[in-house]
Each structure stands twice: as structure tokens, then as C-alpha cells.
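Chain IDs A, B, C, D and E follow the sequence of writing; residue 1 opens each chain.
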């Protein structure tokens, strides 16, 4: 039997005016197990807390009930006070007789009656409370960033700056991501490479950062502070440590017909290649799908020309297993495929390009050396039509993406403006549904395109594009002008919707991080925890969480880094002790709990149990990782046998409260 | 919602509120020049209850029912069904048949398939 | 029970800690009145509510049971209230199927900012339950011996 | 059919595929068939039966049998295979230790249905096409075969055999079933009528736990109703509340997992139509969350551990009811 | 002997019910039950009730005593229902024999006063069987279904009910019923009892003498293997008499009650050190050893079974006392 002390607070007149506090403390004194009951003006005051502590010591109380304001207000205060007096803080329960009693009832009789009942419920609960000790788990002080785009780079740099080692896993042979392919950035029009490549170099040179390029995450085990990650380092057939990046091999390689993915297939590269001049690491890689040596065993030119002997045709994929305390997903985005939108003739004419392809066509390091030329015949285009919202804002499902891709309005304005600036002889049309330009200096930028550069903005989607006699017949409707337009364009540029990178879904499964129906990672809380995943220790950076432009990406990358730093700066993690616990003797291993756990806190083991008649039984039973469990209780209801219970809110405790209230 | 709007949305099963006014339907419409109201206007007018005007419009008979608008609409609004529904609502009224049997001989073209006549009756008559 | 005594129902409100319990606190802070018949039990999340607790409440003399949780999509634990929603829908439907008054059970989503909604909901629910009268169909006479 | 199954059982034993097989064993009468494990050709030849009274669903026995070491052969009727798959999904049956043979079924008869038709002292039954010739202590009686079928077979939902290593008889298909008609009839009643109906039925409950213990979905190590610390323990229905409590919670615990095999109603000594509770949940789930058949699909997520962001609100119960 | 035309049965029931509570078997086959008589209630066409007649003397749930809790005080309240006389009509010979078996348990010193009060207040009117079921085997246990015992024995022949008082209580009851006339029942020829498939069951292998042999028999394993461990056999059995005592906390009171228990349950006789019967085999064995061996060994060879056949009809997997007796009783050369 517990020895319970009851402390009824007046809260000045806040409680005492509508609740007869004396009657409450008298009534509760008669409850079984209550050895002391009193009331006092301000329980949360130092004097009040002293009184509680004194009674704990004097009477050896094993449980404390405070009838006062909401536990959201002072539960922590009273728990701390009791802990100082040697009582386990989880032996304290609060009866909320202010917000949920005195403040909402005028009649003193019924208010007092209710306060007594609430007090009885708290006493009934304390009877069943057990001392809980918050568990601790150590923290591995190293972070993993998955994805080496601007988001991943920035996150890694910020974490490294704080002194923690961080690994970047990038599936491509170089870090840099989509931003490397962009020509200029809105709204300032500074060159993307000029601002990105120094960061890439910083990352490469930072001794806390270890770049694992051409690598992919294969498996993730463990939990916050203690992840074990298996990383596949794909064979690049070039020893990264020896290669100097001189590029001689890429000039001599006889296989010249490889579509160059960096330029989105607008030109070709060799079978051995360095993706682009500023690649980090600056090391060649052999594309096994095209290398004659790897395919037929005959060639070996690159090996012959390499002065440092970096070429290694025997290289195999390698699996690394590493420990991390925190993981940041920064898997970024891709433009969607244009297959479903053939009304724009993307597959029918090379002169219909996506905006990212257009970036390459405008870029000095691109296939045309920065001169805008039609891909079909290399001539200078005079009439350009930009179509926005291709695949965005659709009805979902088959039609396309239901969301706004957010960045298209701005980059289309940028493209239109740059085209007009470089080639004043062009006519540029932009077809839009809405122009969405919230952001610092964004709308001004768009207005400049219209007002200073004379870009024709037309409200209305393009209906169809038909290639005809070397021209692109664009049929559209000017909804504001109320006329049908038929434009003979030289080029059509499609602002394709963005979608999360294809690697995100399998990664989310490995991380037990949740995703929305569009495969964007979901955040732990949409407003208050936007850079954390609901899975503790997993953080989100950049466009894998939702469409973002560069400044937003960098801001989120920094925020994610701050969260990681906060986590890694702890030596041990204190766990919430109010977590689920499985009674292994009752668990039947059905996996219902595991299926509803949003945190992946439940795992199963096969365990030997003593059976009847000296037999042993091997049974599958659930185990809760208290470091990962957040204590929601979803599992406790999914469990039909009641093997899963929640500490601090156990079945017995809640039913005791129910009984006391309904008595 | 007024009575007529209700009938039209019920017949068509179209929710005009889904329209985001992108105009792709109109941009794709091959009968644009023949129509007094264009597909996107149709949707808007149904939503704002301007049914009277639509029912008296020429456009309802000019629509080819080619379904280009329906096919292209990013929001699955399906304007063609709406136009069809307005036309139905009109011809279902007393004396509003758009096609009279006696007109047929004048319209007859030797190459005209029989099915076209049947479907024209189905489309333009009660 | 005395003859002239007006019926005072017993109403148990299970509130999730993060939204609805805070909403109830806000109702208090704003001094929004609702009947003292409502007694709140704090649970971490609406998904913690076991159907057993609801039946237990009726057994012990409750006349109405209401569950309040975060709005769908806003759950502190991301998905808890979605599970709670399915469970309660099916449970309530079953109670209805057994002929137990469907108005005795309810789920309302109340955010931490919706103190007014909390008070309104409780006023309405208590009124509904009062109209229904004493719970007869799910009662345990042993608990009503007094 | 019986001879093919017996031959297969012997073959499984003698080829060493299985150390034992699970089947049905003949009894005192033609109908009191008992699930049994056979370990030798002699036992099989002497005692193994398969006939219209082999209604027992053997899947539940596989929970224990698949853990006894060695491989067990099992003959499963189409509806048994749904339970078989469902129990694998819940990791209760270890499939690697089971060699399942699907047995097509033409519907199982129920001795209680024959007795309910007013036939007393039943000694033997002969199948004569669509009718049964019943020999009794009081002379011979004739009965439509359909009238002797158990309720679940009259509304058979599927003749599809799932997840078996081989088949005896033709593979069947899911079929249209009127199994929700009775539920719909109840739904159409007033709450007062429903209450009276269920009171009448559930008040007969003696809490023998036959429904629970036979149920493949009820395979908990310890049932909440047997567990003194669960807060729900009760051994006997002390009053109407406890009758309701047991059946509501039992149906809820198997909701989304119940394959509607109908064993609960078959075994109830008090003839309570317990399947109507389970089917209510199945019907609700189908209507509210989309069609779902427990056990049909090894990968589908059970509806109670799943959700959609736009699921209907619980108020739908109040709104859709036609009777105020 | 008294007689009554069946046409006057309703008036007869009404007169009986006027003096005390009257229970008659009513309802359809399969769910028939002893039901408090009220206007319009008809005798069941079924041979017997689903649950046995023992329920009226040893109910499934029975309150024993209450403890009132006020604050920290606990008060003991004797709270048994007041004894009321009642008549149970239509008890079959098998169920009637079950009272002898229950009496030997409950009325042995110290007597179970709850049961004793009901026995004293209850008057048993039996009814002879004419149309047995194939599951009946009372004759194999020395019971004559055509001539049942009871305070009053009853027969229905043609359209007349014949009643014969066997005890003082029975005579007193018949005295109160003026509509009864004097009469003698005709001799009834009932060859159906000779055709019962289970009439020749051999019980000679059972009784206390071969206790250890049966206990250690290897046959239990295969008999028990399909047992689901439910309690349907126990709860429909007219002679099972085990119960559990439990407390129910209403919040203000503790209600101490007893309820039937089943030796088939895993928590049967659960003790702090664990349970005495770890697997279903032992539990299954217990039930049948009790009926066929332990009970006779302490009660002059009388078996704890009356051959009513309920367990044959109700067992979900059709494993029952007849199969057990058949299997164990069979002499086999190992």
C-alpha cells in the first residue's frame, strides 16, 4: 500500500473562490492510502514546495497528489521538488482543479464535488504508479548526411564547423547535385557554379568531412544516437586516392558515344569521365555500361595513359559499416518525366526542352558553350515559348503532381529575362496559370522581366504543340485577352514539376521515416519541427521534404545541422520513461504493434521460454526500444492480448481513474 | 446553387470548383473559333450560375465532343461533360429540340455515315 | 434516486495531452463555462484510448464518453489520431449495432487553440446525454447498488 | 474425395515429406468428427475421414503443430486457407514447417441444422444428389442438402484455395455471397429492436469460451479475459454488461483479422449467431475503408493497423444511421 | 397417482406458479432452457434443455458476501438472496440423477449452505422420456428414463399427464393442485430404448480400482490433442460442480461471488506457485478421471456421469466421455 500525501492548492482565490479547498483535502484524507492531506495558498511557491518535501521526508510518502493548476503548467515543478526530497518524480500526479474545475464552474458545491472526484482519480492513479527511471543511451558523435547536393553540403559543413565528424554519402561520382547544372540563380543572377564550387571545395578540405562519393546507403539499423549504417561504395574502377584528376584518360578514351548525363544527354562524354571540371572529388570514374575493357576485356587505353596508375579494372563494390549518432536525409529532387505530357511534343522535337536542359543550353560550360542554339539544327531561335506548371498542380494520380513545384515561376522568369538580355532580337512568351513569386525580391524580379525585358506573359496554359516545317506550332489561349493564339515558335521550354528523388522511398523504409503520398519525407511536426523526421535522430534537409529554392534549402540545411549538433553535443540521451513495454510472457508476436508504431521502436526477437513439463519454447516476442519510443500508446491498443502497456499511462492506471470518476 | 446549376452538375458529375482557371481546355479546343463561350468560360459560368446564357449559347451545339479539353485538363474538371450536360438540359425542355427530322434532307451529304445521323438525333433531340 | 432530482449525467472525456487537454486548459483560462458533469482523463494521444476504457466507464456508471484529440494531420505523434479514428468509428458502429444509443459516444478533434470549441463541444455533449437520460443499456447493476 | 485425401496423406508420410498429418478422425457417429494428427498408414486407413461433417477449421491447430518440430501435413478447405494465410501474416504459424494441401469443398453440413429441421435421433446420413436421406431412431427422413448446410456454407464467400503446396480437387474462385444480408437486416431495425435482438441472443451466453478457443484469430498467449491484471478479466457473465463486454471486445480484437470462417457460430453450444458481430465489422470495414478480406493477401495491411488521411470521421455512425 | 388432461396444462402451470416460482423447459431444440413460467409459455418440443437442471440449484454466478468500503473502513455484509420456494418441472431422469451426485459433494459435511437452501426450497417434478436422442446413454449407467425419480415423477401418455409423488415435499405440492384427478398410467411399451446406439457402453473398466493404470495411460495424448480447452462440456454438464471464488470491486463495494470454473481452463486452481496441470493433456485427463475414476472411488462406485449426452452434442471438436470411455476401456495388447 502506498503512503500518499495530498496537497490541495488554493491558487490564491483562483481555486479557493469556487472550490472549498478544505472540504477537498478533508475528503481526500479519507481515501485509502492517504496518510496526509492538506491545503495551502500557493503550492507552487517555495514555501509550498518546502512543505511537500518536508512531508515526504517526515512521513516517508511514497506518492504525492497535488490538486492545483494544469499539469501542463506545474507538473515538472512538483516532480522536481519531490525528486529533491528523494521521491521518484513519476510518483507525483496532478489533479487539475483550476483550468478544468474552478475556472469553468461557478457553483461552489458542484465545483467542490468535482474537485474531490478529480483528486480521487489522481489518488487512484498514484496507487498504481511505479517509480520510473529515465533510461540513458550513449551518442555516437558522428553524423551521416545522405545526399551531396547543396542541402547535404551545407548541412555537413555546418555540422563539421561545430567540430563533429560527418560523412556525406553521394550516389553520383561527384557531390554538388542539381545546383551544379544550373546556370544562374534567381533573383540575383549570380552564377551558380561561382557560389557552389567553393562550398564543394570547403567540404572536400574540411577534415571533419568525409565524402563517400559514388556510394549508396544499403541498410540502416539502430536508433537515435546509435545508428549502424551499411554503405555500398560502388566500384568506380579508378583509385580515388591516386587519381589526380588530370583528365588525360577522358581525352584518350576511344568510347566517345556516351550520353552525358551532366548535360542531360544534350552532348556526349567518354566511358571514363570526370562529370565536370569542378567535380569533387576530382577523380575519374569508368562507366561500366560503356567501357570496352570492362565489357570485352580489350582496350585498356586509360590504364596505359594514366601516369599514376590509378586505373583498376578489378575494383569491386565495397561494403562499409559505420556508426552514426544522427542521420540527415538530403536526397533532393528530380524533374518529372515528360512522358505523360506529349501534347507539348517533348518526344517529337528536340527543340522542346525542359527548363533544366535549357539551363545547360545557356551555360558557358554546357554543350553549346553558352550560346543559345536550337538543339535540332544549331540555329539561333527567334521565338521562344515557356510553359509553366507542366505536371504541377494536377488532380493527382494519373494526371500529375497535386502540388505546386514552387521554383518554376522564378526560374522561368529568369530564363525569359536572360534570353531577352542576351538576345534582344527574340520574342519570349511565358504561359502561366498563376505567377507565384513570394520571396525576397522575387516579385520585383518577375516585374522586371515583364517591364524592362518585355517578356510576354500570357495567362493561360498551352493546349498543344505541333512540330511542323522546322517550327513548333503552339496553340494557346490568352484568357485575359480572350483570343486564341497560334505561335510559330523556334523553341518551347517546359517548366517540369519536381518530384523527390527515386532513392528517397527505399531510404525512408530503411530509416523508418514516414513519407507523404508524394514521397516527400514528412516532418515530425509541420510547424514546430520542420526539419526533423518523426523518427528520432533522423533529420531532413532540402527538397526531399518538399519543393524548395536554394536559399530555403540552405536555410533548412543549416537548421537540420543545428538539430544534429544539438543531438551530438550530448554524451548520453535521457529517454522519456513513459514508454511502451511489452510483457514477453503474454506477447504472441503478431506484429500488430510494430505496424502502428510511427517510430519503428518495436522489433521482434525469437526468445526461449520455459514451457510446461520442463520443455523450452521458442517464441517471437516484441521488444520496445525505450530510446526510440515516444510513448504515444498506439501499440497498446493494437495489441489484443494487452501484452503491450504504456508506463505512466498503463491500462490499470487509466481504468483506476475511470473507476474513481464514475463512482 | 440554383436549380439549373444543380441539374447540370448532377447530369455531368462535374465539380466546377475544381477548376483552377488555367485555360488549357480552351487552348486545346479545336472548335474555339466557332464557339461563343469557350470551355474554361463554360466551367466558370456554371460555377457562377450563369446558366441562362449558356443555355442560349451557340457553343453548346458547336462543341465537337472531341474531349480534348477533358483529356488535357490537369484538374480532371472535364468541361466537355459540362457542355454535354447543358445541351441535354436544353433539349430536354419542351420544344427545344435542336434538330428536326425535316431538316435532315437538307443537311444530308451522300458520304455521311448513318451513325452520324443517329448520334446527331441522340445529341440534339429529346 | 430522489424523485425530483434532475438527472445529472456522468460524462468522461478522454483528452490527448498535446491538443485537447491543452484546449481544455484554454477553455479554463478563458473562463468558458461547461457543466461540472464532465470529468477529463488525460492520455498521451487519442490512440491510447482502448475500447475497454470506454466500456469500463459505462460499466462504472458513465452516461456518455467522449474522446478528444488533435485534428487529423496534426497529431503530435504524426499518425496516432488516424488509428484512433478508425478504432472509434468501428467501435461506435458496433455499439450502435447492438442497439446502444449512438449519441452516448463521440469523438471531437480539438486543437490546443480551440478552447471555445472544447467548451461548446462539452456543453453540447452533456446536453445530448442529459436528454438521453441514464445509461441503461450498458450498465452494470452491481456498480449502481447505492 | 476421401480416398484421394487418404492416399495423399499416406503418400506424404511414406515419402518422408511430413512426419505427421493433420486431418479429421471418425467418431461414434457419422457426424462427430474430431481433428486429429495421424502418424501412420494404419491410423489413416482406419480412422481418417473426409466428408460433409468435417467442418472444423484445422488452421488453428497449425499454430501449435508448426512449432513441434518436423514438418506437419495439413488438409485445408478453402475457408481454412484464409485463416492459414492470416495466421502466417501474424507470425503465428511457421509456414516452413507446414505442408498444406488444399481440399476443395462442396459445403459442410451441420448436425445442428438437421436437428433444427425437427429430425430427432439421427443415426446416419446418406447423400442422395441434392437431398439427404437421414436414418433415425424413428425411421428414415429426407432433407434437402441445402437445409443441412451450415450457415457459413450457405453463404460461402470463396472456394479459392490459398497458399497451399498442392490441391486436391479444382481450384475455385471467390463468389458472390449474401453473407451481409442478415447484418443489413439488423442495421435496418430500430435501435430498440436491435437491442432486444442482441439481448435475446447474448443472454444465453455461458462464457464457455468455445467461440474464442476455436477462433483462429484468437490465438493470444493469454486472453485479456483470462488475465487478472488486464482489468477485463471475467470468468462468467455476471450480468448483461459482461455478456456485452466479452462479445464486443472479442469481436473488436479480431476485427480486420477475422476471415469469417464461421467457427465461432458453429461451436456455440447456445447457438448464438456470433458471426453477425464479426461480419458487422467486416461490412463496416469494406464500406468505410474499401474491400478487405483478411487472409486473402499476404501483403495487404490489415485495416486496423492502417489508415488513410481522408478516412470518414466517427460521426459517420451517427449520420448514416437511417433509424434515429 | 394423479392425472391431468394435457389440454389443462396451462391451467396446471398457472396454479403451480401461483404458489411459487415455476420453471419449465421452453424454447427450440438446441437452445431450450428452464425458463420462469409466465402466461403463454409452452413446454419445449426438445428432449432436453441445452444447459442442465443443475443451474437452478447451483447457478453459474452467485453472490456470496459483500464488503462495504467507506474511506478506510471495511464492513462485511451478508447479502444472500432470500430463500424462495420454487418448482422445476420437466426434469429428465438423467438430470434428476445428477442431483444425487451433486448432493454428495455439496451436502457432505460441511454442507454448502447456498446449495442446501436451494435444494430445500426446490421441488423437482420429473418427466419420463419417450423419444430419446441418439446421444442418450443414461440406460448404460443404470438410469431408467421411462421411470424418472424426483419429488414428483411425471409421464405423458397419449394426451394425459400422470404424476406420482415420491416424497413428502412432492405430495404436499400435488395437494395444492385441485385440478388433478386420481388415475393410473397405462403400461408403456418403449422398444426405442433397446435401439439406442450407446446403450451397451461398457463401464466395467472404470472405478477406483484401476486408477493408476488409467492415469498413466499413454492414450490420453491422442485423446487430448485436439481439445481446445474451452469449457462447453463442463458448463452444460449436469454433474460438474467446480467453482471459483472471485471479488468484484464496484468502487464502493467488494462483491465476493462464486462462478463455475472448468478444469479444462489453464488457470483452473491457479496458485501462487503456478498451476498444477501445465498442459491441456493433464486438464483433459482430470475431467474424465474425475467422472470415471475419482468420483466412483469415493462414492461407492457411482460414476460422475448421468448419460445425458449434452457433451456429445456440444463439444466443438466432438471429443467426449463416450470416446474417452471407449478408448480407455478397450483392452489392448501393447
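Assume a contact is a pair of C-beta atoms (placed from the backbone, for glycine too) under 8 Å apart; a residue touches a chain by one contact, two chains touch by 3 or more.
Every value quoted in this text rests on a predicted model; they were computed, and no experiment measured them.
Using the contact definition given at the top, which chains are in touch with both chain C and chain E?
Chains touching both chain C and chain E: A, D.
Note the shortest touch-path length, in steps, from chain A to chain D.
Each step joins two touching chains, and the minimum needed here is 1.
Measuring between Cα centroids, which chain is at the maximum distance from chain D?
B
Counting C-beta pairs in contact, which chain pair has more, D-E or A-E?
Most C-beta pairs in contact, of the two: D-E.
Taking each chain's centre as the mean of its CA atoms, how far is chain D from chain E in angstrom?
One centre to the other, that is 30 Å.
With centres defined as the mean C-alpha position, give me the chain A-chain E separation in Å.
68
Cα centroid separation between chain A and chain C, in whole Å?
About 35 Å separates the centre of chain A from that of chain C.
Averaged over CA atoms, how far is the centre of chain A from the centre of chain B? Could you give it in whole Å?
Centre separation, chain A to chain B: 47 Å.
Would you give the residues of chain A that are in contact with at least 2 other chains, written as numbers and ranges?
596, 638, 651, 655, 659, 662-663
Please set out, as single numbers or ranges, the residues of chain E touching at least two other chains.
Expected reply: 248, 251-252.
Specify, in ascending order, the residues of chain B that touch 2 or more different other chains.
Within chain B, no residue touches at least two other chains.
Once the touch criterion is applied, which pairs of chains come out as touching?
A-B, A-C, A-D, A-E, C-D, C-E, D-E
For the complex, which residues does chain E have touching chain D?
Touch residues, chain E against chain D: 28-31, 33, 45, 47, 50-51, 60-61, 131-134, 192, 195-198, 222, 225-226, 228-232, 234-236, 244, 246, 248, 257, 259-262, 265-267, 312-320, 322-323, 326.
Going by the contact rule set out above, which residues of chain E touch chain A in the complex?
Contacts found on chain E: 69, 71-72, 249, 251-252, 278-279.
Report the residues of chain C in contact with chain D in the complex, numbered from low to high.
Of all residues in chain C, those touching chain D are 51-52, 55-56, 58-59, 72-73, 79, 82-83, 85-103, 105-107, 137-142.
Mind pulling up the chain A residues that touch chain B in the complex?
Touching chain B: residues 343, 389, 393-395, 399-400, 433-434, 459-464, 475-477, 479, 484 of chain A.
State the interface residues of chain C toward chain A in the complex, per the touch definition above.
10, 12, 17, 21-22, 24-29, 31-34, 36, 39-45, 47-53, 56-57, 60-62, 73-74, 76-80, 83, 87, 119, 143
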